[in-house]
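Pasting the structures in now, so scroll down.
In the two complexes below, chain A is the common chain; its partner is chain B in one and chain C in the other.
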Partner chain A sequence: MADPQRPITIAFDVMGSDHGPAELVKGAAALTLDTPNIHALLVGDQAVIGQALSQTRYNAERLAVHHAPTFVAMTEKPSAALEEKPLASIKVAAELVARGDAEALVSAGNTGACVLACARSFKLIPGVKRAALATVYPTQAVHGSKSDPFSLILDVGATVDATADDLVSFAVMGAAYARIISKNPNPTVALLSNGTEAQKGPPRVVEANQRLRSVSGLQFIGNVEGVDIPRGTADVVVCDGFVGNVCLKMLEGVHETVLELAKYAYKEKLLWRAGLAMLSSGFERIKEVTDWEQYGGAPILGFDRLFIKAHGRSKARAIANAGKVAAKAVSNQLAHVIEQGLQAPA
Partner chain B sequence: MADPQRPITIAFDVMGSDHGPAELVKGAAALTLDTPNIHALLVGDQAVIGQALSQTRYNAERLAVHHAPTFVAMTEKPSAALEEKPLASIKVAAELVARGDAEALVSAGNTGACVLACARSFKLIPGVKRAALATVYPTQAVHGSKSDPFSLILDVGATVDATADDLVSFAVMGAAYARIISKNPNPTVALLSNGTEAQKGPPRVVEANQRLRSVSGLQFIGNVEGVDIPRGTADVVVCDGFVGNVCLKMLEGVHETVLELAKYAYKEKLLWRAGLAMLSSGFERIKEVTDWEQYGGAPILGFDRLFIKAHGRSKARAIANAGKVAAKAVSNQLAHVIEQGLQAPA
Partner chain C sequence: MSLTDRIDPRPPRRIYRWDLDKTYLQTDFDTFRQLVRTALQKAEEKKAVPGAATLIRELKAQGDVRLCIVSGSPTQMRAVLAEKLKLDGVEFDELVLKDNMRNLLRGRFKALRGQVGYKLPVLLESRLNAPTEAEEVLFGDDAEADAFIYSLYADMVSRRVSEPVVHEVLRAAEVYEDDVERILARWKEIPPADPVRRIFINLDRLTPPASFARYGPRVVPVFNYFQASLVLMADGHLTAPSVIKVAVEMVQTAGHNLLTLSNSFQDLLRRGVPLGAVAEALTEALKSPGALLNSMRPVPDILAAFTKRIAALGSPVPPPAAREVDYLSLLDHARPRTHKARTRPSGS
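== the complex of A and B ==
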């Protein structure tokens, strides 16, 4: 299905991230040198981009710049900002992708503005009613043919009041993404609930459980519980954006909390204190290793065009990874695979 | 308000726990010796209770036994089991409490059967539409005048599809409980959402946020996010039973997961391995220290009678603690305080 030779253009909204446009420009520039088929379309302030390009190597035949005079800052309210700034980089970039000048979009800017710009410019895949933001997170178990110590969880914030319909399409979308990106030909998919029994949970979850059992081509393993999230019982965990966001943010706080709790409980005991000191750089490294930005960022699934949200703190390497993941999804026709998955006869 | 001298009878369903009736009998027996005002009413198999009593000290003037010939096992389906066993100990005990033979109920048995038996025998407090299961969990921050390293979270599983009405009453109930049990005269209460802004979350959460701002006598601090759960940003965290159950079970898995992740990531590095080894008994102790069973178990709030669910693995000391907490709630008129809190003018 995939043609690794076909040239694929990825648009990069280079503005509005924590470390400034130069990191995004550097990441995209590296892709034009390292990968044979990726073209980069940099969207943002032309002067700023020119300045950044003057300080990095790139393949000029596979890099283009599209000027956007303004951008949405991290702290701005998404809808108001997009209203006031019709030429904001994320909006311009999404429109360029929608009209076919590029095939996917990467940004490290304001998440809400990204989601909104995509929703306004892209079309939903037939069969999908609402989009989902997905992310990988660290697990005990390993997954896929690359033995990634990560599972995918969706939705983590795009659709806070998902219906049973939405949950079913999230499951199909997450499985398609895991299949393509994690080289996991038959990913296990579970529904997050307050018990493993099929009848557990609010009505939307109970109904989704029923319907997922009969989606062909999907390896649905039923409900999992909160404890199964860190364990990594399933390759793909499906929930509404409200629950998913709470879980994701709890996971982000775990490192900090365990260290603090350990300090609190055992400040009296020298042996434990020494153990903690020896481990502290280890804990730092856990945080680093489990940081999802290295794994290409968080895709918004459900639109005809792929958007990948890199973390606001992304450096050039994370941006290059996001671009590679986007290109891989495009060359493997992610949107088409999702559409087929949703149309599959029961 | 509280009269510490008034005798208070607590019913103990001694059947169906992981460690058998003797641990519950021992815990209740200890209370009749150690506390001046608590009477224990033991409900369960008379012969088994008699045998356990013959092996422990107790004050016979403050201990009574009520025979119940059967009980609900941990693995049974709650509604079917209560149907088939009208004389199951939890059902008999709840009825004894409902008719006034005791003022509160403690059990370490099947949680679902406990919730159901209470719902069938007890009355909802005026103003409360649905009950909530609350539990304390370990936090970084300390709370109340005893500097407990715990927050209270509710609901964690009684009401999976809570309305805005329910969330408001959960907030009032949780605050009343924290005030009485944690000696925290003015507990901070927060609503769990996917962002701190008042308009974040599904409609029920947005509406509850609006309404909680005008509940007098409640120190509502607005929305908190997932990361605020382990941090302990609020003394009381309010959510529906679906989200709360997922969060609670994630917290339960944290200890296990962090150790496993650390092992996975750093098995190569000797220093880290040594640090982990030195800390391993420390991690075990964290688990122990943060085990909520020591803090009296999980109350079901919202009924005219208090029920406290001790952990299935509870030993005698945990049962005695649950009995003390129940007596403290009764002598401080918890149900009355909740009723007043819900009637308070905005």
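== the complex of A and C ==
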């Protein structure tokens, strides 16, 4: 049962993001002002953090600093960088979380290094063989009691060659996350395939489809196709990391292309420009409801500790929201809920 | 007349000057509604900032101490405020309140909100009656101009600030001419000394501590009175058991815990406040037997939490360098918070 008063410490790896430590520090500091139960543990260069803190309001009673002298840059190769830099901020932060100094971790740094540091420090939840990176994608349909215009997709890159077992555990993990974060008590779960029929897709997807039908407490709706992702046919879409990553990048590409086309149209004809101007408030509204910053970041599910990977371009607001999401998952015992889901009798 | 009646009481060795609203008392008067509610509150309804009452009691218990309170609250609230202090077990030596009715009747509307023209002469007059060797510690908050007024007062007494600068400050703060004359007259009567050791600013508005850096290391912004008591212990004003009593009050009455206290401790270290010896003395005090500490146990957890916060910082942060206060660059701080020149965004 969630206890909203219980103090929860979230570790923030403040180094290595595109906007530098100041935005991370600002976001974490904001959390200490408006959420009485969340404590922030800032991990990174103490002098840099001190400088960033001097520019922002914070509540010292709910904020601590842990010095880490180095960090993994976005351009570095994760495994080599972690080997060379044992005191890199992401590694130190993951270890602090593992030993209980904080209960979840947020970072906007090098994704590979983050995943690797977590994999080396955290334990997999009993019943989970591989972790999954989940992300939200804006959809036509809304989801859960909060009417979120997003669905959850996992895995989008952590486990490239998932087995049927992995896909089943991803489905359970995704459903648990949607229940807690989107306040969706009975989320619909689907497998991403090349057809809606149960026998469509590679053998691991066909097998996962069969097994998911018998998982109790899971509202499995069968297979969906790529086109169903933006439609929001399911609350949770499950796939392996290779497919998920390709899908995600393609969807991002489509989004960017649409924007480019709109810019082209704006320049090309006065009539089109007028049309776009008339639609501008609608575009603003769409931008508002599909604003990824309100979701903070992508959780890595499957470990006993939660890690939220914030976008490298995250500003303070996104970081604060990532911290809130992490705290919500912790207070609702996400890892325990996943474990229970995996142990549920068929 | 007996011999003891003829002997003067021992002169104070230390003077602690406190503001009331937002420094000692948790007060909200940002809106008219809050102002009315504050004015109508009974003594027992008023709440002290966690740890403040215990801190004052512990400071008084050190002996040869004078507690002087200067508040912007109206004189009509004297009875309620005195009653509240009595309920908290706080014995004061001076309680000066603002005669706003008189200001109103005389049409001195700038004086209603102005702080410099009110507090500065009161502080100087009180100093005039104090022994030259008595040292002072001042407590204010970040809601108005306390850091500015207290620093100016300290530098006026020590003659670190020149008369033209004081004139300029008083002009910028729109102090009435008769108050200017009063301030200058009192200042000249005070024998030069350097009595102000610390100025604590309670961060009621959570203003970033770095905003007070221009006042130098004498001004220590604090997020709570556990922080103030740690610094006072480092300065030799309090003992370790006294600091623990402040912490106990905060734990018991305001929901503080090991995490908030150890974070507060680390915050001071990050700002370069040297607390190494304090940590050692607190450790010894915590290890000693005593019923007082029962609510703070288990002691190993406390020690581990504080040790962890020290270790987490790596190398110690050097203390901030002493600096002269450039009052002319801080003139905006002398004006009331609602003053146009103060609220105007910088650079505009």
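In this text, the second predicted complex is superposed on the first by the 312 of 346 C-alpha atoms of A that agree within 3 Å, B and C clash if a C-alpha of one lies under 4 Å from a C-alpha of the other, contacts with A are read in each partner's own complex, and residues count from 1 in each chain.
As a working rule, contacts are C-beta pairs under 8 Å (C-beta built on N, C-alpha and C of every residue); 3 or more make two chains touch, one makes a residue touch a chain.
Keep in mind it's a predicted model, so treat the numbers as computed, not measured.
Judged by the touch definition given at the top, the superposed model places A:7 against chain C, while chain B stays out of reach. Contacts of A:50 after superposition: chain C is touched, whereas chain B is not reached. Using the contact criterion defined above for the overlaid structures, shared-chain residue A:59 touches chain C, although it does not reach chain B.
Once the two complexes are laid over each other on the shared chain, residue contacts for A:192 go to chain B alone; chain C is not touched. In the superposed model, more residues of chain A are touched by B than by the other of chain B and chain C. Contact with chain B, but none with chain C, is seen for A:201 once the two complexes are overlaid on the shared chain. By the touch criterion defined above, A:246 reaches chain B but does not reach chain C. Within the superposed three-chain model, A:39 lies in touch with chain C and out of touch with chain B [touch as defined at top].
Common to the chain B and chain C interfaces on chain A is no residue.
Residues 7, 9, 33, 39, 46, 50, 53-67, 69, 101 of chain A are the ones touching chain C in the complex. Residues of chain C that touch chain A in their complex: 206-210, 213, 223-224, 227, 256-257, 259-260, 262-264, 266-267, 270, 308-309, 312-314, 317. Those residues of chain B lying in contact with chain A across their complex are 138, 140, 149, 157, 160-161, 192-195, 201-203, 205, 225-231, 239-243, 245-258, 260-262, 264-266, 269, 271-272, 274-279, 281-283, 285-286, 289-290.
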